[in-house]
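Pasting in a structure now, in structure tokens, and then I'll have a few things to ask.
Labels A, B, C and D are assigned to the chains in the order they are written; within every chain, residues are numbered from 1.
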Amino acid sequence: MTGPDDRWPDLAGALTGEGHLLAVRVYYEDTDFSGVVYHASYLRFMERGRSDFLRLCGIHHNQLDAGLAGERLAFAVRHMDIDFLKPARIDDVLEVHTVCEQARGARLVLAQEVRRGAEVLIKARVTAAVINAEGKPRRMPKDLAARLQQ
Amino acid sequence: MTGPDDRWPDLAGALTGEGHLLAVRVYYEDTDFSGVVYHASYLRFMERGRSDFLRLCGIHHNQLDAGLAGERLAFAVRHMDIDFLKPARIDDVLEVHTVCEQARGARLVLAQEVRRGAEVLIKARVTAAVINAEGKPRRMPKDLAARLQQ
Amino acid sequence: MTGPDDRWPDLAGALTGEGHLLAVRVYYEDTDFSGVVYHASYLRFMERGRSDFLRLCGIHHNQLDAGLAGERLAFAVRHMDIDFLKPARIDDVLEVHTVCEQARGARLVLAQEVRRGAEVLIKARVTAAVINAEGKPRRMPKDLAARLQQ
Amino acid sequence: MTGPDDRWPDLAGALTGEGHLLAVRVYYEDTDFSGVVYHASYLRFMERGRSDFLRLCGIHHNQLDAGLAGERLAFAVRHMDIDFLKPARIDDVLEVHTVCEQARGARLVLAQEVRRGAEVLIKARVTAAVINAEGKPRRMPKDLAARLQQ
């Protein structure tokens, strides 16, 4: 039996030697009246990259949310430092690059870039935390930390 | 003691003889590269109008979600029929008009318009249902139905 | 030379015998606190499907916007009728199916569905118009109309 | 004659001794399945604060875009540093505080906070630039710089 994940093998991007790579198309919804991509849309693109990086490492938000790790867990962004270097435009194909710099305790530090071909449009450092339903930080499952840092 | 609701008395709009009126400003986030408001943004504006209509009728999403009506409840949109008549633009002040046409059982039918001054930009009929956490339809609390239809 | 479109061959979905098929992943950004996908997110998914259908028919928004068809053109949604049948959830892989029912003059009528495997979650009929920068309807280039209706 | 700006006097927030204050309600659209506000939604809230700060200083995006300052101008975000301290939830009334730290040449540096009552939920420093339609930085009109820094 083949599911949609088999029919669309690239949908979650690809693990690279260094981290993860996800292709993202710019649609109407991502742009604003100034003619380029709205600044907060890049945060949505980078979150897709992080989610699919975790997915290819075997971590699914719906399983964390269902309590498969013992209690309901989710990732929450704690800090972002973002340089908006060049604008993307409608129809562009962008690539979100994600590298895990640190995965220790409840804390995940990622370096992310949004590129169009060789051009770096956005450069960000993102700190996320694993939290439970009450918002308390929770130690990341060890095997997850290991897989993210390979 | 004054809370933010006292400091910003217009924030939830106003009940009118017929229903509810909410002012909405058009920001960067609502527009797209074609220079006007992105079509799905009007659905966000109309949802704000419905939420504030319910709020001024004494219904709060956070209370429904917390189970104050006996179990966790939420509103889900079931059907929309929308005419996009004229475009709105950055900086426009729009008004969302909401009239309750029917509130019976689990079902709510609302007529909504988004206007700029006297011009009607968007005309919609929206059917929503009250559902529990499993997505099953639930009879609306009687007093809510009564208040919406006054 | 290979560009990103070559590296990600599925990114714009696929033409089918009847129309077009696009895979869409549900991310954090698409959901709301009720636990499922926010109703207006489906309109974004369907717009992606329409854009990629046009793209695979050789029509690019950036070319229309640049005036390649003689003057600046864009597509504007005029009417939508939408049934929200079942909810999608975080991590779901959805497929947007788009069939062109009519492409004549300035007017395009499309039937769209959002499916999860065999389940139809959303069913919509969408009328769009080709307009110029002043919002006036413009006759669709003949070859476009022909390609959409094959 | 009264326009919508007269009927909704609080819609653009208020100038304070130090800068600007805007009330923002949390709606369905702002939240995600984890139950709290989606991290990128705070950037939308802060952009609303910046736009209304400029508005009350007499600067309108539609006028800049129409070339009233000599050529088409817009603001573009260049850098953001954001601490996500505490989560906001559905129905919350938030206040966006914006203080102009620097307005010189093409460059604007703003300190922004999103608060719920006395709690600071989000703390950000934002650098924006005035650019023309080609994306080139353009010196800010002198009177604008003066008004922002009063």
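Some observations on this one:
Methods note: a residue touches a chain if its C-beta (ideal position, glycine included) is under 8 Å from a C-beta of that chain, and two chains touch if they have at least 3 such contacts.
Owing to the predicted nature of the structure, the values given are computational and were not obtained by experimental measurement.
Here chain A and chain D face each other with the same set of residues for the most part; over half of the interface numbers are shared between them.
Farthest from chain D, judged by the mean position of CA atoms in each chain, is C. Note that among the pairs B-D, A-B or A-D, B-D reproduces the A-C interface, with over half of its contact pairs the same by residue number.
In whole angstrom, the spacing between the mean C-alpha positions of chain B and chain D is 25. Separating the centre of chain B from that of chain C, both taken as means of CA atoms, is a distance of 26 Å.
Each chain gets one centre point, the mean of its Cα atoms, and the points for chain C and chain D are 32 Å apart.
Residue positions of chain A touching 2 or more other chains, listed in rising order: 28-29, 33-36, 40, 44, 47, 61, 65, 89-90. Taken together, the touching pairs cover every possible pairing of the chains. Per the touch definition, chain C reaches chain D in the complex via residues 28-29, 31-36, 38, 40, 89-90.
For chain C in complex with chain A, the touching residues are 3-5, 7-12, 23, 25, 27-29, 44, 47-48, 51-52, 55, 60-62, 65, 89-91, 93-95, 116-117. Residues 33-36, 39-40, 43-44, 47, 61, 65, 74, 76-84, 87, 133, 135 of chain C are the ones touching chain B in the complex.
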